[in-house]
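Think of it as A, B, C, D, E and F in the order they're written, each chain with its own count starting at 1.
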Amino acid sequence: MQHAPMPALPGRILLTGAAGGLGRVLRPRLRARCDLLRVSDVATLEPAAEGEEVVPCRLEDREAVLALLEGMQAVVHLGGVSTEQPFDAILQANIAGVYNLYEAARRHGVRRIFFASSNHVTGFYRQDEVIDARAPVRPDGHYGISKAFGENLSRFYFDRYGIETVCARIGSSFPEPKDRRMLATWLSYDDLERLVVASLTAPVVGHTIVYGLSDNTTAWWNNTAARHLGWRPQDSSEPFRAAVEARQPRIDHDDPASLYQGGAFVRTGPFE
Amino acid sequence: MQHAPMPALPGRILLTGAAGGLGRVLRPRLRARCDLLRVSDVATLEPAAEGEEVVPCRLEDREAVLALLEGMQAVVHLGGVSTEQPFDAILQANIAGVYNLYEAARRHGVRRIFFASSNHVTGFYRQDEVIDARAPVRPDGHYGISKAFGENLSRFYFDRYGIETVCARIGSSFPEPKDRRMLATWLSYDDLERLVVASLTAPVVGHTIVYGLSDNTTAWWNNTAARHLGWRPQDSSEPFRAAVEARQPRIDHDDPASLYQGGAFVRTGPFE
Amino acid sequence: MQHAPMPALPGRILLTGAAGGLGRVLRPRLRARCDLLRVSDVATLEPAAEGEEVVPCRLEDREAVLALLEGMQAVVHLGGVSTEQPFDAILQANIAGVYNLYEAARRHGVRRIFFASSNHVTGFYRQDEVIDARAPVRPDGHYGISKAFGENLSRFYFDRYGIETVCARIGSSFPEPKDRRMLATWLSYDDLERLVVASLTAPVVGHTIVYGLSDNTTAWWNNTAARHLGWRPQDSSEPFRAAVEARQPRIDHDDPASLYQGGAFVRTGPFE
Amino acid sequence: MQHAPMPALPGRILLTGAAGGLGRVLRPRLRARCDLLRVSDVATLEPAAEGEEVVPCRLEDREAVLALLEGMQAVVHLGGVSTEQPFDAILQANIAGVYNLYEAARRHGVRRIFFASSNHVTGFYRQDEVIDARAPVRPDGHYGISKAFGENLSRFYFDRYGIETVCARIGSSFPEPKDRRMLATWLSYDDLERLVVASLTAPVVGHTIVYGLSDNTTAWWNNTAARHLGWRPQDSSEPFRAAVEARQPRIDHDDPASLYQGGAFVRTGPFE
Amino acid sequence: MQHAPMPALPGRILLTGAAGGLGRVLRPRLRARCDLLRVSDVATLEPAAEGEEVVPCRLEDREAVLALLEGMQAVVHLGGVSTEQPFDAILQANIAGVYNLYEAARRHGVRRIFFASSNHVTGFYRQDEVIDARAPVRPDGHYGISKAFGENLSRFYFDRYGIETVCARIGSSFPEPKDRRMLATWLSYDDLERLVVASLTAPVVGHTIVYGLSDNTTAWWNNTAARHLGWRPQDSSEPFRAAVEARQPRIDHDDPASLYQGGAFVRTGPFE
Amino acid sequence: MQHAPMPALPGRILLTGAAGGLGRVLRPRLRARCDLLRVSDVATLEPAAEGEEVVPCRLEDREAVLALLEGMQAVVHLGGVSTEQPFDAILQANIAGVYNLYEAARRHGVRRIFFASSNHVTGFYRQDEVIDARAPVRPDGHYGISKAFGENLSRFYFDRYGIETVCARIGSSFPEPKDRRMLATWLSYDDLERLVVASLTAPVVGHTIVYGLSDNTTAWWNNTAARHLGWRPQDSSEPFRAAVEARQPRIDHDDPASLYQGGAFVRTGPFE
């Protein structure tokens, strides 16, 4: 089916975590759709292209984050630690950092945020369960706990201050699924882009939690309750199945990483 | 995918509200599928074509309605007031009127009715919620209240007398979606026809409530519980998205019509 | 357990249906707790006692109802037809009448209403089912349909105008249970009074639906979701069980009145 | 959409009921995908092709069943009585038989079983209801009761011994839908094969119950909770609709077979 | 609170399993309330008292069971194996036996049965979960599987033939709770009697599943959905808590019997 | 009803926050039930009584917390900030602090923790809603967010390391209810003690969330799902109702503190 061209986004958008894997994917796609894209990261960023501003920033630096959001109309927040790490790193970047971001949004009147949450918020569900966003959280590590923190913080900023957020519990966003688990969790870059665009253009999102997966035949997550976003993924892990299954013909059933949705995260740590 | 030709309907069908917007759409489509189509309205109707009978009727006229249903095998009930109006008009046409219709059906042994209910039965849900037909009603005005009345009345006529009804909570049925809200609520004419046909030909419908929307990417309503009807919409508002968003680039977030599913109905009235 | 004295009610209360069975029970009990009790009915009323006003009124008379609510702070609405009757009587008193009442409340700024709904809103559930207020309505006749109408209307007046209502689906409120069905449905007069008082004094009720039954051992209705009202019935049908069972030793299992919660209502009518 | 080639199955698979309708369909399809297919039935079987072993066996013969599973890595259990019959036949083949099968699996360390359960486990739901696998069972006869037994037994073998089972409540698997009921219940042979393959290759299935129906427009069963299997049916009864409706234009609404999902099974018996 | 005397039962009642632990408890209590109590068991029974008949019977003997039910108006079915045993014994007494019983009930027109099911139908839920009768079954052994079979069979006999059954998933019915687990599962003999009486005298029970536990402070089972039975347990394990905890001060957390609701049943077997 | 003496607790218990309001209440009650009570706080503590150890400790000091848990068998964690405060204070004491606590528990093999969570985790639900612990969190401020963090962290420590926690969302624990809101939220000191004792002595608690309220007639929270704890509150706010209502006769309906469950917390802040 032929789809219409995607809509334009708000005029001035902040993209945090712009030097990361998904940040580099989204940067040119967002730039093409808005008036000004401000990109930020703690790591080194490509120089600003036309229509861009580059603003290095550490999320735990409250004043810097306050300055970072000035003049923005929306935020795509990918910043922070995105793997399982010792707690202290996550405490700074993902907990203090996300607080700084929302507080800055409140002060500057930013009304819409796309928050890159994670499937690891519910990583301790089994791979033979299909859950939706109302299932009680079962984080699989520090990272997942910090993403649950961000979801709850953004819920508060909506209930108290009216700032709308889409929390996207992203599965595995890579060029293609790499292993058996990703047959379920894969989110193509195009579907990721569609999700960000829908989240920023839907008239009303309130506080919405949605799982970020493509239209995979194998799925653990049900997004029926988020259909108001106007997002329907177009890609699927299915064409990659045969290759993936050939590459990983056996499953070790004694490995918790094979049993739980969070995969290897569920057995990372303790860090001592 | 190539679809089979649609099935024939019951032989003799009454279409009320035949002079209205949807009545004019359905009239030729139903006529082509049944032996006799009796069309009725309080407004002026086109003369009878072959296979048609034209019977003007005011729904609040009990005797007239009793006569209207004589000999019919099924009813497609679009009649009555279809916009928000002062209560008295709605009391007559939509409340007394729908009672007259079901009582006539009972007396004449009519066993299957398609009742044009409305999304305004649940218009006070927010646009960031996805509901199904079991969600408690939250009507957004006199019109929505009257449609809830019809749904409850028809539930009684099923439980007590076995008359089956499909209550279709129609969204916005127009040639194309006109505004951002209709990206969610649009029901194409073809999908409307498919819904009426499925409702009249399914072997068993009992008392079913279904939302009338096309296969839109943005959706507030979940029809999983009505899949027994055998209705799957084929159209979508998505091809119209870019044009609609260009035409209505901004949403006024202080306007309740932008926040609630019922749109402008939620702020119509009071009438004094 | 010793209970504290019950709280005072709003200062000026309107009691409709004051000449009916429950109206005569509640009249002195409410009068003792408020500054002014305005009592009204279409039937003849006892003369005004101290602290009372007597205002005869037909509910279908819109202007009279408008006058009736002037100066009131709360309404206990028992008025209208309370048995299964031909539709036209119910249409006037219970449908047009309840609309007149809410419209008058809106115009006069009355903020809290106790609406005497009925178990007949869900009378077509079976006697071996336990339901709560979220179960889809299954009215057992014109009366039940009209009460569902009042519930939906009051939902609208809350969502649109902020008028709070407690809809009490009253079971069988009599001095004692008279038959086997009432072992489940009985509501003692004291528990009824407690329910009205709680409904008028709870700080926030929004739009609440609650079933009106005493703390009976046999029960078809679950009020867990209405515990915010602060109502806990103190009486029980259990002490009457032996006498009731002796009086009605046999159940006719072929009688729908024995099978459905609505009892004899489910087989009253049709009226022709 | 082009789909990838299906994955290989476990190396050594037992197919019971291989002489029955579905057994004959699956036999060549499974043989083509595994190293060794052992086929078994109480009825006469075609001679072994290459890559096959033929082992006649009566399921009620415990020792024979124990021998039958030796060396197997997975079982596709279609064996037993598959129509409504007097209880004693079903007791032997379907109750004692399935116990023998699971006990043999436990002793031989077989870890994955596809169990052909049946829609008749829930055959007493109405045709206007859409249910999922959590709906309480309502079997429509001895056959349905025996299949519920197998589901419960396999649940125990998973909870206690870790043997994983997919219980597929197969609808009507035939070359094409034969009547109006099968528009809802039809499962194409290709979709059946896809279901068996997915059930045997998914990394984790635990104890999963799934309904076996194609992607039919009319549906009574919701498989959302089994999406982790990685099964998405590709066929549909819809292209056959016109022919089926022409062949069976009328429904006898007084026949329980027309009202309940189980069809004619609901009125088979009693056997005396 | 003072309770009324309990109601009389149907005139002629069959009690199976009358020689077992609970049979001996119920025998005199039922005899005192009905015209004729026929008691049966495969084990030796006390001689008939006045108002009793003693009829030895093996449940797997179909003809004998058919004779056993002749002339009865209700059955209290405690018969069969009541502990975890090798499958064959359970297959005969509990599976073939319960079929024989229901078939005899159908032939003789018996309309009401109390079926002693067991908490072992759901014994594989954890002790930190609170479930109700809609939770999917998770039997903990052959015994639990056979009781689930009886529940499903009785559901069929209700849906097909209108025979009503109360399936009571009895916890631990002893003079007093013996261990920590029984603080949750204990059912006093008086509460058991009340449950049987309520099950046989409630006007409508359809097919009801209820857990048999006293009003214990610790509870794993929620009977809200069975309040229509008119059963409210009066006793509690709480007064025995201190003694039980003193007797069993330690819990072995590595023992599955300490973790799952079924207690030691979950680790009985395999039998080889 | 006479209750049995309460059971003994684990031998060596750590009580954090022992200098706070609830800490001072629980300290002597716990000391009387265990072998050794180690009490800790950042504020000044009463000197150690017999059977006590006093260990001052700041929760954000990881090494100090590690030492604090050495040799303990259970923890009652009341420590940290317990009112709404600027984020930084809460980040240290309640977020870093609770992480330190659980990490110390993991290292020392402590298996059971009572975590004083708060009703402010769900403070943005309305006062006319009754919720249970599965309702999605809606924290009303930094404090509520930090308690949700602790709940999620403890869920992880259970799923990953098997450390059991009871998260008690305490309402308002004071000598008596002080205002209208506390008629719903009050938790008597005796009921608090019962809850702590039940949480530490129940054989299996897994990860349980329970609301801490007495058996109040007005209630917003449903603890049915936590009945496995063996906790049944014995007190009620009802005897205080008349005095409370006399003291606070009017509710300001324009004040969010009157509308939401969190009371004044919902309008505290922003802190700038």
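We adopt the following convention: a contact is a pair of C-beta atoms (placed from the backbone, for glycine too) under 8 Å apart; a residue touches a chain by one contact, two chains touch by 3 or more.
Note that the structure is predicted; figures quoted are calculated from it, not measured.
Traced through touching neighbours, the fewest hops from chain C to chain D number 2.
The chains touching chain C as well as chain F are E. Counting C-beta pairs in contact, the pair that comes out ahead of the other among C-E and A-F is A-F. Although chain D and chain E carry the same sequence, what matters here is overlap: shared residue numbers make up over half of all numbers found at their interface.
Against reference pair E-F, the listed pairs D-E, C-F or A-F yield one interface repeat, C-F (criterion: more than half of contact pairs the same by residue number). Computed centre separation for the pair chain A/chain E is 52 angstrom, with centres defined by C-alpha atoms. Counting partners per residue, chain D has 224 as the residues that reach two or more other chains.
Here the chains touching each other pair up as A-B, A-D, A-F, B-C, B-D, C-E, C-F, D-E, E-F.
Chain E contributes residues 1-8, 111, 201-208, 224-232 to its touches with chain C in the complex. Partner chain A is touched in their complex by these residues of chain B: 126-130, 180-181, 183-184, 217-220, 222, 224, 236, 238-243, 245, 249, 251, 253, 258-259.
Chain contact summary for the complex, chain A toward chain F: residues 87, 91, 95-96, 99, 103, 106-107, 124, 134, 136-141, 144-145, 148-149, 152-153, 155-156, 159-160, 266, 269-270, 272.
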